[in-house]
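Presented sequentially are two complexes of subunit A, the first with subunit B as partner and the second with subunit C.
What follows is the complex of A and B.
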């Protein structure tokens, strides 16, 4: 029984990881159309994308979007998490709902809504529009990470700072912010990674300023092109680095707290 | 309750303003837009049921609606069933460390591009692709897997299976061990323990996991588009077609509102069911 289940578990993980592994392997495969057995090793697809000005332009846009999104989303997430941690007020659940709701609404609907809204208010096709949309999508994740951290704080710490004569602002600066630092950093990396991969809303909203995933979407719509595997492998490398850094920050913080 | 001052407002107002501008605003606008009309290629802001009556009276909208419901429902059911044995094994037959490692591994796919993974499935499932290449070595096939509902389901599952597996594992790992031990001591087999203890105790978690799988599949356009060949189209593909090709934004908005109403109804029903106290026997 246990052996069967173990084999089954391997099968499930195989299903989950097969496309990732195939994509990585075939990004180095010289045949244009991927099939078994694999043909020779090549860096051609990587050379192709590096030589493509479209790739660099969209990569730059993606970096701008992810960089701005993570800062704004983390700021908004922090404000919300702190409000939830410290205050109780009427309409608080509504307040929390409008921040936490976006991930439950299909991206395609948000994409259409953003497209229509931005062209109505004269903000269509700009990088700023993608950033605004992505902050709405990622702020809940920032809020969740920081709120989790705040739930570990000793509530009397902030009160102690007030009693020692610190203003609320000073206590925020000297007590709350330092305590939340690892969560804030972690949130910066996580929201950047989510924004870096998002393509539905970016596709609708971006206009001519396409981001890297939108570039991929356009290649995929054309033909079978192993470039996609190469870009995918690169992007995966970047995203996973961001996430690993974010996890390590939390991990080392916990280790230090434990010792 | 503390007095509302500048300090408190600093942390409360930015997000309210931001969400009003970039979330509530767009969402309400898309509802309003479903009542606009397009005249001479320009959208006129009015309140007419033009787009609604056009869309609701068309068969292809309803067949897309039924198809999307059935496919997303199948994806949620399949993901729940496929994940369950694996989640059970991770929750009850693995060490806490192994479980944590498994969950960490399952998070990785969320940070790989879903588009690239779909493209990868495309090359795996194609007529002359990786899988048929493997079958050919065994003297089988080739099988047609692309542009079928099967292809769409593979895409949906790629998307939702890791999430469902994580949620089910966490749900089962959190069930009070004493309940399971009690069932054992009373002579329950593994199957009986699952049916009488694990399923009822983890009901909320299982339903939430399935609900997530449903919502994500219902709104996804990548799998039905690239792996299902848009044949037949799903609701998200209708939105893309009417927006991108037809410039008929009000009609796309009608589809979007239909989707939102459906999702709210189903999510509400599922959550009510998930949190309902069981009648005592």
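What follows is the complex of A and C.
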């Protein structure tokens, strides 16, 4: 039974990761077309993309977008998670449902809606519009992570801080924020990774300010070129690093809480 | 005459329709060790939280050192609390936890450190000062929590069932730590507990609460020997309660007709009044006395030097008798035996039924 389960697991992971691994391998292949056997090792495709000013522009855009998105989304996520922890009010479950809604809406719908809205308010095609759209997409993740952390807090902790002379703001700085620190860091990494990866919405609202995934699509549309594999490998490397850091932060915190 | 440290004047606390504390009147003097005791939901923790400013009274007045405190927020009071969960800050080490109150008051870092270390030393845990509090044992954490609350040298310390998470042997140890500390510091302790043994062992006076009411305030001895209400008589100790009607009263001796017969008790009551005779388990003797009845032994509970025998009278009333374990062999108190129990009129306590 366990052998069967293990084989099943290997198959699933293979199915998910094989295309990515293949793409990584071919990014070092000297042949222009992805054929087997591979013809030889080269860094040519990496040199090509590093020499391409379009790549650098889109990479810079992606970093700006991911960097801003993760800070804004984590801030909003923290505020909502704390509101949920601290207060009870009429319609709270509706409030939470609406906040958690964006990830359940198909990306293409959000993307179109965003585009329509941004062009109406004269905000389309700017970096700010991508940041706004990505914030909407990622804030629910931030809120979920921080809410999980707050659910582990001893409810007397904040009151204990007041009891020892801390004002509400001081208790927030001295108790709530330090307690949530691992979740806040984790949320920063995860929302940055989601934003860095995100293609659909970015493609619709970015206009001329392409992000890296949008740039990849444009290369694919124009040519069949292993450059794509090289960029893909870079993007994947960055995203997976961010996600792994984020997961490790959560995992170690949970483990300590359990022990 | 110094003024009392804490006064509760007609204090009431409602949560929507639920009355958590009703008409509470209580005066606490400086340097007193007060225990507020009662079953869960009786309002004892709410009373404590009102003293700390974490809940505001719905009506009535709370005065501390003569000042009305109703609207003073928690962080503007000097009423540190030791929490049931201890509520130590898990991301700070032991010393930083103790320093917290001083830091909030803007005490400089050097002085904070010195004062915190003094307290940790006094609590005999200085060696753990730099340890993460999550790695400390229950007893050590308890001491950190005490040091954290006392470091600002308050006049009033609030304790919310602080020993409830500890092992039995540690509870006894911490009780003596607490009483010693309270006597040395001379500050007022208000200690909330559901444990009678904790309250009686430490407190100068106990406050017994039931369903939001203060049922009785008195020294542990008064509450134990002279309960004012049936609730107190049932809640405190191993009391036998025999309800009935007063049939005669003369020269300070009252006769009460109960289901188990007519018994006499010291006291004064109008003829025809509803009253109960309360006889503490350790006042009941095996063998006939001024008042006697017979009952059958059902079971025994052994707690070391003392044994409690549970008996049933003819009409099913449950009775409790406490005897010395070493005297047990001579008393014929084996399960199934029918024995005569007796007590003198002065060992009973007359309890008037509330109308």
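Just so it is clear, the second predicted complex is superposed on the first by the 237 of 259 C-alpha atoms of A that agree within 3 Å, B and C clash if a C-alpha of one lies under 4 Å from a C-alpha of the other, contacts with A are read in each partner's own complex, and residues count from 1 in each chain.
One rule holds in what follows: a residue touches a chain if its C-beta (ideal position, glycine included) is under 8 Å from a C-beta of that chain, and two chains touch if they have at least 3 such contacts.
Since this is a predicted model, take the numbers as computed values, not measurements.
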| item | value |
| --- | --- |
| Comparing the two partners subunit B and subunit C, which touches a greater set of residues in subunit A | B |
| Touched partner set for A:252, first subunit B, second subunit C, both or neither | neither |
| Subunit B versus subunit C as contact partner of A:15, first or second or both or neither | first |
| Which superposed partner A:115 touches (first subunit B, second subunit C, both, neither) | first |
| Touching partner for A:160 - first (subunit B), second (subunit C), both, neither | second |
| Touched partner set for A:170, first subunit B, second subunit C, both or neither | second |
| Subunit B versus subunit C as contact partner of A:56, first or second or both or neither | neither |
| Subunit B versus subunit C as contact partner of A:181, first or second or both or neither | second |
| Contact residues common to both interfaces of subunit A (with subunit B and with subunit C) | 168 |
| Interfacial residue positions of subunit C with respect to subunit A in the complex | 52-54, 73-76, 79-81, 83-85, 87, 89-92, 100-101, 103-105, 134, 148-149, 152 |
| Touch list for subunit A against partner subunit B, complex | 2, 5-6, 8-9, 12-13, 15-20, 22-23, 26, 33-37, 75-76, 79-80, 82-83, 87-89, 95, 98-99, 101-102, 104-110, 112-118, 120, 132-133, 135-136, 139, 168-169, 193, 197, 199-200, 204, 213, 216-217, 220, 224, 228-229, 231-232, 235-236, 239-240, 242-243 |
| In the complex with subunit C, residue positions of subunit A that touch it | 154, 156-157, 159-168, 170, 174-175, 178-179, 181, 256 |
| Complex contact set, residues of subunit B against subunit A | 1-2, 4, 7-8, 10-12, 14-16, 18-19, 21-27, 29-30, 33, 82-83, 85-86, 88-90, 93, 102, 105-109, 111-124, 126, 128-130, 132-134, 137, 157-158, 161-162, 165, 215-216, 218-221, 226, 236, 239-240, 243, 249, 252-253, 256, 259-260, 263, 267 |
